[in-house]
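Both of the next two complexes hold subunit A, though its partner changes from subunit B to subunit C.
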Partner chain A sequence: MSDENENRDMLICRCEEVTLGEILDAIDEGFVTVKDVKRATRAGMGLCQGRSCSRTIARIISERTGKSLEEVLPKSYRYPVRPEKMGAALSREGEDESNN
Partner chain B sequence: MKRLKRDIVVIGSGPAGLCAAIEAARSGAAVLLVDENAKIGGQLFKQIHKFFGSADHRAGVRGIDIGEQLLRQAEELAVEVWLNCEACGIFDEKTVWMVRDKEHSVAVEAQRIIIATGAVENSINFPGWTLPGVMGAGAAQTMINIHRVLPGHRVLMVGSGNVGVIVSYQLLQAGATVAAIVEAAPNLGGYGVHTAKVRRAGVPFYTSHTVKEARGNGHVERAVLVKLDSQWNQVPGSEFEVEVDTICIATGLTPAVELAFGSGCRPFNSPPLGGLVPVHDRMMKSSIDSIYIAGDVSGVEEASTAMEEGRIAGLSAAHSLGTITDQMFAERLEQLQHNVDALRSGMFGQKRREAKDAIVRSYGVER
Partner chain C sequence: MAKGLDVVIVGGGIIGLAGGYFLSRKKKRVLVIDKGGFADGASGACDDMILFQSKKPGINLELTFESLELYKRLIVDFDDEMQFKNLGGMVLIENDAELAIMEQFVAEQRSYGLDVEVIGQQDARKKQPFLSDHIIASTYSMMDSQIDPFHVMRALEKHGLKLGMGIQRRNGVVAIERLGNGNWSVVCEDGSTHEAPVVVNAAGAWAPSIAQMVGATVPIVPKRGQIVLSERIPPIGETNLWNAKYLVTKLHKGTEVQMTDEERELGLSLAFTRSAGNTYLMGSTREYVGYDKGTTIAGIRGIIDMTLSYLPKMKDVGIVRAMAGLRPETPDGKMILGEHKNLDGFYTAAGHEGDGIALAPVTAKLLSDLICGNPIDRDLGELSPNRFGGMAHE
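Then we have the complex of A and B:
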């Protein structure tokens, strides 16, 4: 991440197509945890829910601000932890299964 | 919603979950083992190489053969298995919400839950990292060893740890050329037995180097490598290109902690074991009495340690339900803990042992 300026167009969150430049700008505006950056940019709000990018974003924040990774990483998660359709969340399995 | 009930629900059927289910079932508990994939076994069936370690841990046996043995044991013990079943949440410390076949929801009330969700591969970012042809080393391994498809013909491996060198060797066996292995650290990370095989095959290693960029028109065609100084900064002017169509990333794993932390398990930061992990004791119990954890989610190690931890979790969870006597529990636990300690001894295991001890100490302090 040493060539920050020339790499500003590089995607960090592929699901929501958020670039390094957008994340750096958010950090400079004062969004200095992974959760904050998510709210400001949507990074980590897509299909994978930050499973691949949240660690990268934590590292970028840490390098930019000098905070430790532990301070900036999320410690809580929301359900469902997998992307599901509303239909699947609402539809219940057949009664025979419930009789097991 | 009408609820099903089970003694123990094990989430994830990799080495840890599978062994947890077997041990718990053997100890007399009614076990439901669930996995989001279509097949049981997690990463175990991709491991076509012989495991390293002592004879007690079946070193010299291929991962895939260990997997077959475990499958037979699970069948003999009549472990109930649900595949294509995603555990989406844990409520009230005991109810697991699952979505089966991406279609419908089931809530299972478990007296004990064992979370064995494993880990996910770390990504690294460089211009071009989203080009087709850049993938996790684990993905490449799945392609060659499960689907029997070559991901590409000339591969750059990023990372020289065990995953990097083992997958490199398997890519060679599958007919690909490994153009180079780059390692950001000044020293190689993998076990000598695995590293030497790749070295003997003529693969060049570049320590203190990383990928600066992937280039290509719609697909990886070249990688630009760059030297790193002792402060991990890129050395200007040291760039050079290697012609590759595939870049595999093997830069470590992060514990898959979403379910554990979502359910309220207390986190502990363990950089040597992959970052934030749920605090747990020697019996693999989390900070929540009804939730146990095992395998990479409790700190990234190896399949062999994951299996022993799984057995400990399965045994402890079953014992806490009173399915075995205290004496049986104590005897078996001593044996399993001896096994796992042996795996964490020696020059390779010491660091992991210290890291695990720190987690266990933290459990005791804050409880």
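Then we have the complex of A and C:
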């Protein structure tokens, strides 16, 4: 991050359009895990749910704070791991769909 | 032992942070301690409503009015909109029995100054073109508002820190002891202790275990609310939506409503709100499962099923995530706010169930007035931690 100032406008979370600068500011305000940063900036709350950016954010936090990646990465992932249509979420193979 | 504190607040959710900020504004030296990360509890797994229409006339409705005004002032003070929106809300009515109860309820709310009315099917569809045909009427109030909890909490924290408030995260409280000088000593997981004459228990669903540390009882039960989030889509209607089905069972105990076994088991009722991220939050379940914050396939499918029964078109919309929060429920549906009997300086501010976001500013204002000894122009007896009887036993 030596050329941090030039890169502050770089998009880290493309879904929610969160920049490196916004993420660094959040870290400096004390939000020092991927989850903290997500809730403080919306980075990782969008369509991809952080699948693209959460490792990058983890590395940024780790570099900035000296914490290990394990400390800053979330320990669990919630269902669904991929977006799915609401209609599709109801129908499952071998199940009765007549209620739908 | 860290000294020089006036207040230690246990719990850094929206209630703890708001309390910390309001007390800091009164020049109190405050430390907020939380066992988890930022917005890890119910305040980070909820919708964003400042909702009037669900409130029975009485203190909850009155406090919501006050809270909305306080939010408007915070928006000015912080020079930050915090994604405040005023989209209004509709409670969907499915049959004549519900209509009769809701008409009466709306009349009571109007007499309390809430601008709300019942509108017919056609008007409802004008505001919500994708409503299912079986909706016969709806309530409508333009007062229902919303504000982004994450944004609010970050702003409260930022402005609190500026005033000297301290925050410690990922450091749970393990003991609270009375010292010889009358102060409380709050002992944390990391071995640190923090001394102050006042401790505030703002631990939400975990408030009972904090109270237990000083021998007090706080009758709060965690009620799990699962919520499903849609992908980002354009607005599909003017307002946010709820259903009358659940509300009428609360208003008139024993009212027969048609609920599927699934709805009954999961305590399902509709809350369909447009979030700060231009997605829809769809909820919610009301489950008594202890401190299990997990989402379940049954809960998610139940919510989807219910949502599609009101808004069939949503079947083509993607969901990106589900979450669950533990709503701190009290026996009488009112928050717990005040000092515990025989425990000088030990306060609880918790038990907001689903209204923590809506009521945070007014809770914080009242808490700070109580602690600072400022006059309060309302009787807070019905919120007191001592109202349940047999509370503190020292």
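By our rule, the second predicted complex is superposed on the first by the 90 of 100 C-alpha atoms of A that agree within 3 Å, B and C clash if a C-alpha of one lies under 4 Å from a C-alpha of the other, contacts with A are read in each partner's own complex, and residues count from 1 in each chain.
In this section, contacts are C-beta pairs under 8 Å (C-beta built on N, C-alpha and C of every residue); 3 or more make two chains touch, one makes a residue touch a chain.
Keep in mind the model is a prediction, meaning the values are calculated, not measured.
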Query raised in the report: Do subunit B and subunit C fit side by side on subunit A after the overlay, or clash?
Result: fit
Report task. Considering only touches as defined above, state whether A:E16 meets subunit B (first), subunit C (second), both or neither. Result -> second
Query raised in the report: Touching A:E29, do we find subunit B (first), subunit C (second), both, or neither?
Result: second
Query raised in the report: Is A:G46 in contact with subunit B, with subunit C, with both, or with neither (first, second, both, neither)?
Result: second
Report summary line: The chain contacting more residues of subunit A, comparing subunit B with subunit C, is B
Query raised in the report: Which partner does A:Y79 reach: the first (subunit B), the second (subunit C), both, or neither?
Result: both
Query - Once both complexes are placed on the shared chain, angle at subunit A toward subunit B and subunit C, C-alpha, multiple of 10 degrees - result: 140
Requested in this report: Classify the contacts of A:A89 with the two partner chains as first (subunit B alone), second (subunit C alone), both, or neither.
Outcome: both
Requested in this report: Look at the superposition and give the distance in whole angstrom between the closest pair of CA atoms, one from subunit B and one from subunit C.
Outcome: 7
Report summary line: Note: overlapping subunit A surface for subunit B and subunit C spans 49, 78-80, 84-85, 87, 89-90, 100
**Report entry** Residue ranges of subunit A in contact with subunit C within the complex
**Finding:** 16, 29-31, 33, 35-36, 39-40, 42, 45-47, 49, 78-80, 83-87, 89-90, 99-100
Report summary line: Within their complex, subunit A touches subunit B through residues 1-3, 7, 9-12, 14, 20, 49, 51-53, 55-56, 69-70, 73, 75-82, 84-85, 87-93, 95, 97-98, 100
Requested in this report: Would you tell me which residues of subunit B are touching subunit A in their complex?
Outcome: 1-4, 36, 86-89, 97, 99-100, 102-106, 120-127, 129-130, 233-234, 254, 256-259, 261-262, 267, 269, 271, 275-276
Query raised in the report: What residues on subunit C touch subunit A, complex-wise?
Result: 37-40, 44, 150, 154, 157-158, 161, 167, 169, 230-232, 276-277, 295, 297, 300-301, 304-305, 307-308, 314-323
